[in-house]
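There are two complexes below, and they share chain A, which is joined by chain B in the first and by chain C in the second.
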Partner chain A sequence: MIAPESSSKGANGSGRLGGLSTGSHLLVQAGEYVCALPLVSVRRVVRSLTVHPLPGSAPELEGLAEFGGEPLPVLNLARMVNAAPGANPAYPVTVVVWAGPADAREIMGLAVDAALEVADVPSASVVAGGGGFLLGEAPIAGRVVRVLNLEALGRET
Partner chain B sequence: MSSYLLLRRGGVLWGIDNAAVTGLTRRGESFRIAMDGEAPLSADEVLCVVDDLRVQPSAALCRFWPGAAAGVAGLAVHGELPLVVVDPRQPPAMLRLEEGDGTDG
Partner chain C sequence: MVEPDVAARVHDPGTPAIPGLPDWANRHTDNALIGLLVVAALTLVGFVLLYFGGGPAWPGFAFLAIGGAGIAAYGALVYPFFRNLERRLPQNEERWAELEGKLVASFEQLGAGDLVRAGEHTSQLPARLSRVSAAASGALSSLAQQIQDSSIEVASAADAVNQVASDLASGSSQQAASVVEITAAMEELARTASQIAENATRQAELASRAEASGESGSEAVFEAVAGVEEVQKRISAIANRADTLGTRSKEIYRVLELINEIAQETHILSLNAAIEAVAAGAEGRRFSVVAEEVRHLAQRSQESVESVRNLLDEFSGSIRATIVATEEGSKEAARVLERSRAAASAIDELRQASGDTSRVARQISMATQQQNAASDEVVMTLREVSLVVQRMTGGLKNLSGTADRLNSLGLTIQLLAQSFHLDSPRSLKHMVEEWGKELERAATSTELEETLDRLVQQTPFIELGYFADTTGYLVALCYNRAAVSGRQQLLTLVSAREIDMTQRPWYRTVSRERRAALTQPYESLQHTGHVFTVAAPVYGHDRTFKGVVGVDINVTGWTRI
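Entry: the complex of A and B
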């Protein structure tokens, strides 16, 4: 779902940018969880990229890939959010995102089971957040969605 | 412009500033790479020297690959292959020459 174009704030308080609300998120399936990625940080969704493993790396890091001539560390999002593995995905994808703080952002890949839809996630609806990578949870269309803060990704914790 | 020696070790493609490399010797099935003022390194395969790498730092890589973080200068791509660019002053442990890495040949 993509919100209709509007230059004013929506009823939920989200500002709008072109046809999309600034609260627009890409919902992805990561194991048994549905996660929401801020759409402004999503650069591309592509078929699962070939990944070259790095021996001795953390289990969250699947390895390195290449996208558009750029090197791309690829993280397994299900492992990042401690989600139990789901069924074998029929069409796994890599979501290419900007991650890290605004003044030091870097391109990164998130391996997920599927890209689902674009949905508006009003900031006021996000609860139980830790303030880090897992910003919190929000009810979207009758299901609980984990809302992620990609600016916190890559920071030392 | 820096040029980089590309090599493979432990299944990973690595790039090392070629100016820091002082010698290359075959040792059985592997290669010994002599470094300027540093301990020698080992490679399973030596690919080529390239001079067109665009090296990008990666904080995320350092966070999720702590064993190699201190010795990594950044990431780059050659052809369509991603590679890890080494800091020649403190190369990652998995590149260091160890006993059993082959004999002079």
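Entry: the complex of A and C
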């Protein structure tokens, strides 16, 4: 299971809100939800990678993909936020992110339905959530966005 | 036996005829007296010559000898004859009276038509007279029998002629009615033929016009067929072009897909640029702006591609609809072409049929005109036939009336023939008298009724038999059950006893004359036909008159039998 961590640090000078990072985020479509990933934790957006499933792994882990010559664990973000599966996406993408605390971050892939845009999420607009992986929710351009904390993703994912 | 002329010579001519003698005896007596006078005159002349004559004496002796011989002969021959005749005269008178009585009785029976009893009387006459009388009676009986047979045949023939004439009259009436109906039908047929001729003429004109119209229509249809073929070619060309447009649309779709992929890649690229700009910090801020513009450009490209895709979808839908429409149009054009060709063929056949119809209608018109003329002749002939049939019907009715009269005449002749009492089973009087003899043997009234009933049931043409005693009291009344079958017996023994039989003509005749009697036909009390009565006396064992037996005979049934 994912073990969210409460501690995080801003690497690109973005502000902190109660230990939570704010600023530019990458909005992605995960099932029925729109999720905001801190842009400082995002390394690359690529077309959906070919995933090799791992037998006996957790349901959130789709498998391993090859990225830059290295194996890349790929997680299904929709399952992680408990979103109902949406329609068959036209252009699914894999978002390569830095996950985990700053001192032990590692590269992971998040399989999402689409990468939408880069947007600023004011810290004042974020309604605090559980304080773990789901940092909170914020209204962005007339829609509710789930703000995620990638530093809360544990090593044991 | 003395000759009558010899007796006449000894008879005194001056003496009047002997009363009681027949004329021939009186004539012989007169001749005998004349002969005696001649002999006396010769003897007197002999005496005169002997005593007063001066000549020889032999002439006187000769006259005397002749006279003496004559006197001797008279005394020897004529005188005994007359003496014998005088003795036998009373016996002859009695015999003559007896014979006369029998002869008179025989003629009286003959006059009454009773040939049987007339024969009984003549049988007691001398043999020659009896034979002659019997022969005459037999000839009369045979004649009456033949008349009776002939009258029956005449009546039967008249009845048959009447029946045939009635049937023919009925048939002629029906035939006349049929001829009238046929005449009316023929007149109607003639009128109808005229209408048919007129209609056929109009039909010929219409058919001619229809033929001309058919030719025009055929040309128009051929032109229409050519037009439809051209339309079909145009539709095929449109279909080919629409198909080409569909192929081009698919190529456009592929191009749009490529553009969309490029825009998507550009979108991802812009996002990565924004990521890198953020990673570059303050130095990358300007680059992030460029990345954002690129992302917008990619997004607009995607939106444009989407708009073009939507337009292309509509365009493809229109092309598909056009293809479908052209296919349907092509099929419809093919069907129209096929129908047009069929219509052209039908119009051509119709034109030919109209031509044939026109010719046939003209022939029908001519034929019906001829038929009309023939119908007029048939009507005239039928009217003549009707007149002939009407005359024939009248003639047959007259023939039926004549047959009726002939039948009545035959019946009259039969009744006249039956008025003779013949020794024949076909003589009704003889038959009823035989019945009377059988009834004589009945000891009681019950036996008498049973005997009468048996006799009545054996004779089909008899309706009713009855017996009345000397006081006119009706003792027995028996119906012929076969003859009155199905009809109510109107006259019963009880009701008949209320009739005074002594006043009935048959009873009075039989009681008075004691012989069979026959009445004229009269209306039956039992039904609407006519009957006549034959009655005969009935005697007891001691030959005393016991009563009268009568039978009612149905005229029609008896005639047919």
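To be clear about the criterion, the second predicted complex is superposed on the first by the 131 of 157 C-alpha atoms of A that agree within 3 Å, B and C clash if a C-alpha of one lies under 4 Å from a C-alpha of the other, contacts with A are read in each partner's own complex, and residues count from 1 in each chain.
FYI, a contact is a pair of C-beta atoms (placed from the backbone, for glycine too) under 8 Å apart; a residue touches a chain by one contact, two chains touch by 3 or more.
Remember, predicted model here, so these are calculated numbers, not experimental data.
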* **When chain B and chain C are modelled together on chain A, clash or fit** => fit
* Which partner does A:Val42 contact after superposing on A: first (chain B), second (chain C), both, neither? -> second
* Does chain B (first) or chain C (second) touch A:Glu70, or do both, or does neither? -> first
* Asked: Where does A:Val118 make contact in the superposed view: on chain B (first), on chain C (second), on both, or on neither?
  -> second
* To do: Mind working out whether A:Tyr91 is in touch with chain B, chain C, both or neither, as first, second, both or neither?
  => second
* To do: Based on the superposed arrangement, let me know which partner A:Asn82 touches: chain B (first), chain C (second), both, or neither?
  => neither
* Touching A:Leu153, do we find chain B (first), chain C (second), both, or neither? -> first
* Which one hits more chain A residues, chain B or chain C? -> B
* To do: In the overlaid three-chain picture, find the nearest pair of C-alpha atoms across chain B and chain C and give that distance in Å.
  => 22
* Structure fact -> Both partners, chain B and chain C, contact chain A at residues none
* **Parts of chain C lying in touch with chain A, wherever the complex brings them together** => 264-265, 267-268, 271-272, 274-275, 278-279, 281, 288, 291-292, 295
* Asked: Given the complex with chain A, which residues does chain B contribute to the contact?
  -> 10-13, 56-61, 63-68, 75-77, 80-84, 94
* **Residue ranges of chain A in contact with chain C within the complex** => 12-13, 24, 26, 39-40, 42-47, 91, 93, 115, 117-118
* To do: Can you check the complex and tell me which residues of chain A touch chain B?
  => 52-58, 60-61, 64-66, 69-73, 75, 99-100, 104, 106, 108, 153-156
